[in-house]
Amino acid sequence: MNKVVTFGEIMMRIAPLGNKKLKQSNQLEYYFGGTEANVAISLSQLGNSTQHVSVVSDDFIGDAAKSYLQKFGVNTSSILFSEHPLGFYFLETGAVMRSSIISYNRSNSAFSHIDPKIIDWNTILEHCNWFHWTGITPALSENAYQVLKKGLEIANEKGIPISADPAYRSNLWKYGRNAKKTLNELVGLSSIFIGGPNEINELLGTSYSYTNEDFLKSSKKLVQEHPNIAKIFDKTRVSINANWHKIRARMWNGDTFEETDEFEITHVVDRIGTGDAYASGLIHGLLHYDDTKALQFANASCALKHTIEGDANLVSEKEILNVINGNLNGRIVR
Amino acid sequence: MNKVVTFGEIMMRIAPLGNKKLKQSNQLEYYFGGTEANVAISLSQLGNSTQHVSVVSDDFIGDAAKSYLQKFGVNTSSILFSEHPLGFYFLETGAVMRSSIISYNRSNSAFSHIDPKIIDWNTILEHCNWFHWTGITPALSENAYQVLKKGLEIANEKGIPISADPAYRSNLWKYGRNAKKTLNELVGLSSIFIGGPNEINELLGTSYSYTNEDFLKSSKKLVQEHPNIAKIFDKTRVSINANWHKIRARMWNGDTFEETDEFEITHVVDRIGTGDAYASGLIHGLLHYDDTKALQFANASCALKHTIEGDANLVSEKEILNVINGNLNGRIVR
Amino acid sequence: MNKVVTFGEIMMRIAPLGNKKLKQSNQLEYYFGGTEANVAISLSQLGNSTQHVSVVSDDFIGDAAKSYLQKFGVNTSSILFSEHPLGFYFLETGAVMRSSIISYNRSNSAFSHIDPKIIDWNTILEHCNWFHWTGITPALSENAYQVLKKGLEIANEKGIPISADPAYRSNLWKYGRNAKKTLNELVGLSSIFIGGPNEINELLGTSYSYTNEDFLKSSKKLVQEHPNIAKIFDKTRVSINANWHKIRARMWNGDTFEETDEFEITHVVDRIGTGDAYASGLIHGLLHYDDTKALQFANASCALKHTIEGDANLVSEKEILNVINGNLNGRIVR
Amino acid sequence: MNKVVTFGEIMMRIAPLGNKKLKQSNQLEYYFGGTEANVAISLSQLGNSTQHVSVVSDDFIGDAAKSYLQKFGVNTSSILFSEHPLGFYFLETGAVMRSSIISYNRSNSAFSHIDPKIIDWNTILEHCNWFHWTGITPALSENAYQVLKKGLEIANEKGIPISADPAYRSNLWKYGRNAKKTLNELVGLSSIFIGGPNEINELLGTSYSYTNEDFLKSSKKLVQEHPNIAKIFDKTRVSINANWHKIRARMWNGDTFEETDEFEITHVVDRIGTGDAYASGLIHGLLHYDDTKALQFANASCALKHTIEGDANLVSEKEILNVINGNLNGRIVR
Amino acid sequence: MNKVVTFGEIMMRIAPLGNKKLKQSNQLEYYFGGTEANVAISLSQLGNSTQHVSVVSDDFIGDAAKSYLQKFGVNTSSILFSEHPLGFYFLETGAVMRSSIISYNRSNSAFSHIDPKIIDWNTILEHCNWFHWTGITPALSENAYQVLKKGLEIANEKGIPISADPAYRSNLWKYGRNAKKTLNELVGLSSIFIGGPNEINELLGTSYSYTNEDFLKSSKKLVQEHPNIAKIFDKTRVSINANWHKIRARMWNGDTFEETDEFEITHVVDRIGTGDAYASGLIHGLLHYDDTKALQFANASCALKHTIEGDANLVSEKEILNVINGNLNGRIVR
Amino acid sequence: MNKVVTFGEIMMRIAPLGNKKLKQSNQLEYYFGGTEANVAISLSQLGNSTQHVSVVSDDFIGDAAKSYLQKFGVNTSSILFSEHPLGFYFLETGAVMRSSIISYNRSNSAFSHIDPKIIDWNTILEHCNWFHWTGITPALSENAYQVLKKGLEIANEKGIPISADPAYRSNLWKYGRNAKKTLNELVGLSSIFIGGPNEINELLGTSYSYTNEDFLKSSKKLVQEHPNIAKIFDKTRVSINANWHKIRARMWNGDTFEETDEFEITHVVDRIGTGDAYASGLIHGLLHYDDTKALQFANASCALKHTIEGDANLVSEKEILNVINGNLNGRIVR
């Protein structure tokens, strides 16, 4: 069985029910998430062996976070405990033209204080077939950056494929390090790039547009700058409003450009974590299928996540294949 | 007042809230249902006298099931108790292109063990104006088949109109009896057929298509094979996805073909039991109106069920008539 | 800071969850509302100083009602206690073509028994910049009418702008007074008219249609009859069904006619109180912006209320301005 | 099977969850109750045929109330609809030394407006074996009193045993009629008296104490004044606090005095309706057992009600007999 | 780290909230349990390595059951899937003198159909330090018995200590095999006996009483009959009522008799699974401490389980040691 | 009306329902609290004018916190917004011998970063009759200490009575300042001391025992050291377990020693905030009654808080007086 390793902060998501504002009710619901943990959970649900590397608080919250990943089959033996609190975020869910609002509380978190010495990458990456990271991690703290960089270096030594999802979040990166320079360094250690013109513009200071033509141009430019990047996978989204989205996926694998059909999600259940669902679908696809099917699988995984509550996609491989095969009418399965 | 008798298994439906998967939360919600019981409940809500014949478990679950039907006005004096458990099903509710999934637990149920000797059809069918059955019942067990057949024979003796909803479920029919032959035998004892080309193809081994033209042809063929069938009522559905459906109804009453306008259900609340809502609306319509209005009433009843949580339609006659009269904008009634 | 005074009944709204009918579950959810109180709450959330004048029951329900307004920042020092019960209403929430149903219990309420002697309008209206009333209040009881009329007279003496939302509800007005005559009297004491051809027809016995042309004609006719009315603000709604609405706003300010763009609300969360959200948005707009922006602000406030649970709009000024500026895709704000 | 008829107001009980105060949460839970309806529901659960006579609101609340009684097996064919609202009460549940608080809203209720002409007692009381009334009913309105009196007269004509639970509530009796005189008149039409020195003092203007000696004296005095009263059944309660009660029952059947053992209820779940559970247990007992066992059955029924949520006792005859037989340790039944 | 292997059915427990009867509300709550799985979960929470061997349904219910054990750290690699449904039970929770009622639905379960050929005991029991079984398993079906017996034989070959909790449930054992004879055979393959005079009487046909003296006599008798049994651990319970229990533990280790102090549980939260908490505490104790402390640990584990919702004890080793050390006042830990 | 000013951190309390552990359910419930805010809320509920001074996060969480205090009538005009997050704590509620566990997340909170320059004590303390502080505040940060000290100095200048509740929490005080020295400095600026031998020992380095004799000795010693302290009020608690407590209050007012009767709380609903309820009861008592009645009022307020969910006591003055008057049986108030 494949083994995928992910590394990143686990966060607790807390939200009032439905579309309520926090002050309207004292009932809340929680999930655990975090972009890389979401990928691990989904890959585990798809039948892969996964291990998530992280640090959580040494209290019943951190214990619950760890249990949460175990529940979905993720190996948690490299999730360590720390005296600092777990990061969390509150969510008020919007609708139609009202945006959802997220308030983060992670600046002092257990993960951001991660001690670089305690992560034994050599052992963790043994028998590993895939390593996945995102741009959130190096944005959190110097320590998080250091641990990630070390992990990428050792993964490179071991010849492990590395997927990079270098999404830039401007309201992070407060600890001093230069975002652009740092992300370029880390992308330089990766082999699969998850992103498109937006992310490439942030990395290279270019100004490509959202069109397929520019996707192709920007992809080639990226490969020129980072020849270690073998393939680029992007997704495009048209949001009619908070409840109604249309998504597509596209890729440049160094050889051909492809774009999937569009999925129309007329009744979004939960939009959070859909990018992570794309990433997990893509990694599963690249581990099991050819590039074309991997792209379709990523797109269908992303589409299905919009129907799942919580941060991580929990659908099965069979459900995703079913969508790829054109079964979109949601007929009851008895 | 009319008296309608229905016969069939009562099932408990258990589901996590909203679109959650079972393992995401330990909160559940339940309803009681079962296709024939749903018809009895709805007919009762529409103002008819109803009696449901069944067997439930002799514990607090069976007691709750019986109370549930009483609550909605169904006469439960012929619901008997048995040492076997009540049948139930778990539901995970999908959205958009994600299908809802149902897991049944009924193979060992109280109803499937029904003792043919304990149902006194002669008494039950006294002063009865209508008898309704579905293809689920004979698919469950030899005993269930025997009791149903006996009931149909006595209803025929008494000249009671009989509606047959012979939906074929391939994952039932495990006890040995031949589905096609059995359903033909029972349809041969009925007067109103609820179904269309699909159901007729299953009965007669034909291969009519879904078009109105083939509906008409297949209906005439059915009447030819089963001259006891006086009228045929069908419904057609286009599922854009799990949340967005379009429905119509059509009929052949031996004399004329008619088709209703289409209802567009843009925000499905609960799709389960919509066929039963069609059947109950049809029976109510045939008992109180002419064929044309009965067909419209059945279609509007079916449409409205999509907005009701649980298995049975709970709208009033007034609400259905309101929809028939073209009031589709859902304006608040104060 | 501006001070807006509102006067009217506070009601408790009680409803089963989701789209359930009352008899389907013993769980309920409540909010406090009432058309004028909703306006006060929203204006307070938008940053204005507000005071609501009312009478509630002298028990823990009235106490909770008062606390509810305080929570949202409304000054409640003129909310008095009475031995009579608080008015309330039950709501069953419909969907698609199924209408929501409201059952009122207010005929014997604390507010309808309001003692005209205990409201000290002179003190309440000191330093007040705006007074708002609706046609519900004079429809409830002679006492409510007397208190309102007195308030309007004193507001006129003090030169305070007065907005009138004279919606006529035919199932009220049971205490004897003539609705048309009374509303004309009170509109004659107001300066801003919230309504359109429908409301004007009810007042003047005319029969203008819903078109913009007739809106303009009827507005001019109203100003002719009630020269104290300076401006008229209306909203128009197309309901595809209970879940899908389209809204626009239009005005005649004595000088120019304007109409806003249309907002399409494809997934209505809660339709109740959208008119009050229009009124509160309008008052805020007229207090802070020019007529054009006030109209847009009112329309966007109304649109956003469709995404808020409960009776009162709770969005911020920033969220409304964001919508006016064309940000309709509901993208997550992190 | 026996048929018991009860007559009285059905009320909706609404309460926040647990020990919350209303303003602490917007979640509520409801039950239907009303002292005489509670008796009917419990007698039905104990296996008796019951019919409740009442008037409810002609809306979805009244419909839900009627369904509620049907669910528990009560015949509701004499529950009529009215344009007035259903009576209801709000409850905040106390604990230890904090009292529960109830706020009633019934003065304008459907039941209090009952039209004496529409209750056909002659038909209702056919084949009836028992009639039960309480002092709440004549305290509500002249109409309620008139209907009750007529019912008692016809029950007397038919020789039906009548149990009277004439609890005096000082905050009712607002419509003008003299409580003491009226209750004496109605007790004069009854055969079984449920009450003790308190209730007798209120009726006769005496001042007996709570002792067994005075219970006996007062009982004899009552029989002297109302020779139609054959037997007197009382219960005594020691409340350590809101969560911990001790109860006993005692009787004078014209022949012997008896007192039961004490039940200690160390963890009260719901104290409301325990008197009604006593009454229903007593009526069941007198219909099926001798006086001694009836008294024990009433006491055990009352004790068990303290463990049931909602207003009506829902335990089975078997559970009550089990308690009478000394099985008090609450061991799990598998 | 120690590795404990358990074998038995996983059941889903479904219950209405609080003390409600099923028919009072359509809200339910679920947990997974099963006596041996409970032991595995608790041992895992106490820091031990555990593996549970079982068969679950091949649907989302079985998947959720497996995830549930994973969440608490149990190795589930030997939990297999089957076409049969998962066993489950419904619970209505009593209070004071009202018993909780359990209704089982397990006769047709996935576990009872376990295929003896698919369990590879040799691999499972590698590096295993403890095997635990209970009398429920051989009571379910011939297959379950065969698999258990095989496991015990191989555990014996490997010299693994085996704890037997041979509780006899008279309403099981329906498949034909003689309970007494079968349990004796299996106890003959075990080394630690969890039980006392009751269980020994059932095994040996003796009639020892509940006293310590008879516990000692019966224990010696058991060892005489089954010399493989090295130690006997029992617990005694006094139930004042469903909410208030007192418990003690006692043992005969072949050498000395000991009895613990009594714990008084004045406010039981959940009584189910307290015996399993005793067993898991005992096994943990015997693996880490001497007999005396193991007995105390078992008793404190049992006591603490009464405060935990659900079937399995979830307290930490530290919490149990804290209770053993006399900290019984439940002071808040900040 | 009196005006009481309080100063301190507002915290969000988040907990799973009932006695669940966090990982057992994804449902949570929240309250806002914080020891000084609790006092303000309760004093407001008792009819006093209150103002709370604090800093909250500038997001929807801080907004909800502020609204929460407004709801209960507290003036929030001096609650400021900050870019830092709101402090919060998670709670797992224990039972019997299982302790509740609290996990704090406040080290980086908005309040701890309070800017001393922005609190205008001179304006805030105008017309103020009472100032209340606790030992939590100076334990949080240098800034919090500085603001508190400044407030106490200005309150002294204005001759405002100051109550000090200098509870020492060893797991705070991490920013460098010496706890003992700091608390002595602040107590030196106060007039009423809430505490007993424990708190005095911490301040003075003495070792008085818990007896009344030592309470008296220690009180006199404290007054000797801090002659500004006029009166000392203490409470004593015996915890049988987490659900069953006994409490008393005692005082030395410089003249006489008094002790109240004991209240036995057999069924604790929520133990958190009971000390704050004592303080608010005491302040209310000292503002309205003599010392003896103030002590009784404080004790009864504390006792009643054990029956209220959430952090702050919400009972009325009437409910407390009722308890003082010996009405402890919790009889329903209708």
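The chains carry the letters A, B, C, D, E and F, assigned in the order they are written, with residues numbered from 1 in each.
Rule of thumb we're sticking to: contacts are C-beta pairs under 8 Å (C-beta built on N, C-alpha and C of every residue); 3 or more make two chains touch, one makes a residue touch a chain.
Because the structure is a prediction, the values reported are computed rather than measured.
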Superposition of subunit A upon subunit D: rotation angle, C-alpha, nearest 5 degrees: 180
Pair joined by the larger number of C-beta contacts - C-F, E-F: E-F
Euclidean distance of C-alpha centroids - subunit A vs subunit B, Å: 45
Length of the line joining the C-alpha centres of subunit B and subunit F, rounded to whole Å: 62
Junction residues of subunit F - those touching two or more other chains: 21, 23-24, 26-27, 67-68, 71, 101, 267
Touch-based graph of the chains, sorted into line, ring, star, complete or other: complete
In the complex with subunit E, residue positions of subunit F that touch it: 18-21, 23-24, 94-102, 104, 169, 171, 239-244, 267, 271-272
Touching residues on subunit B, where the partner in the complex is subunit E: 14, 21-23, 26-31, 57, 59-61, 63-64, 67-68, 85, 90, 92, 101, 103, 105, 107-108
Interfacial residue positions of subunit D with respect to subunit B in the complex: 67-68, 70-73
Interface residues, subunit C side, partner subunit E - complex: 24-27
Subunit A-touching residues of subunit C, taken from the complex the two chains share: 71, 263, 265-269, 303-304, 306-310, 314-315, 319, 322-323, 327-334
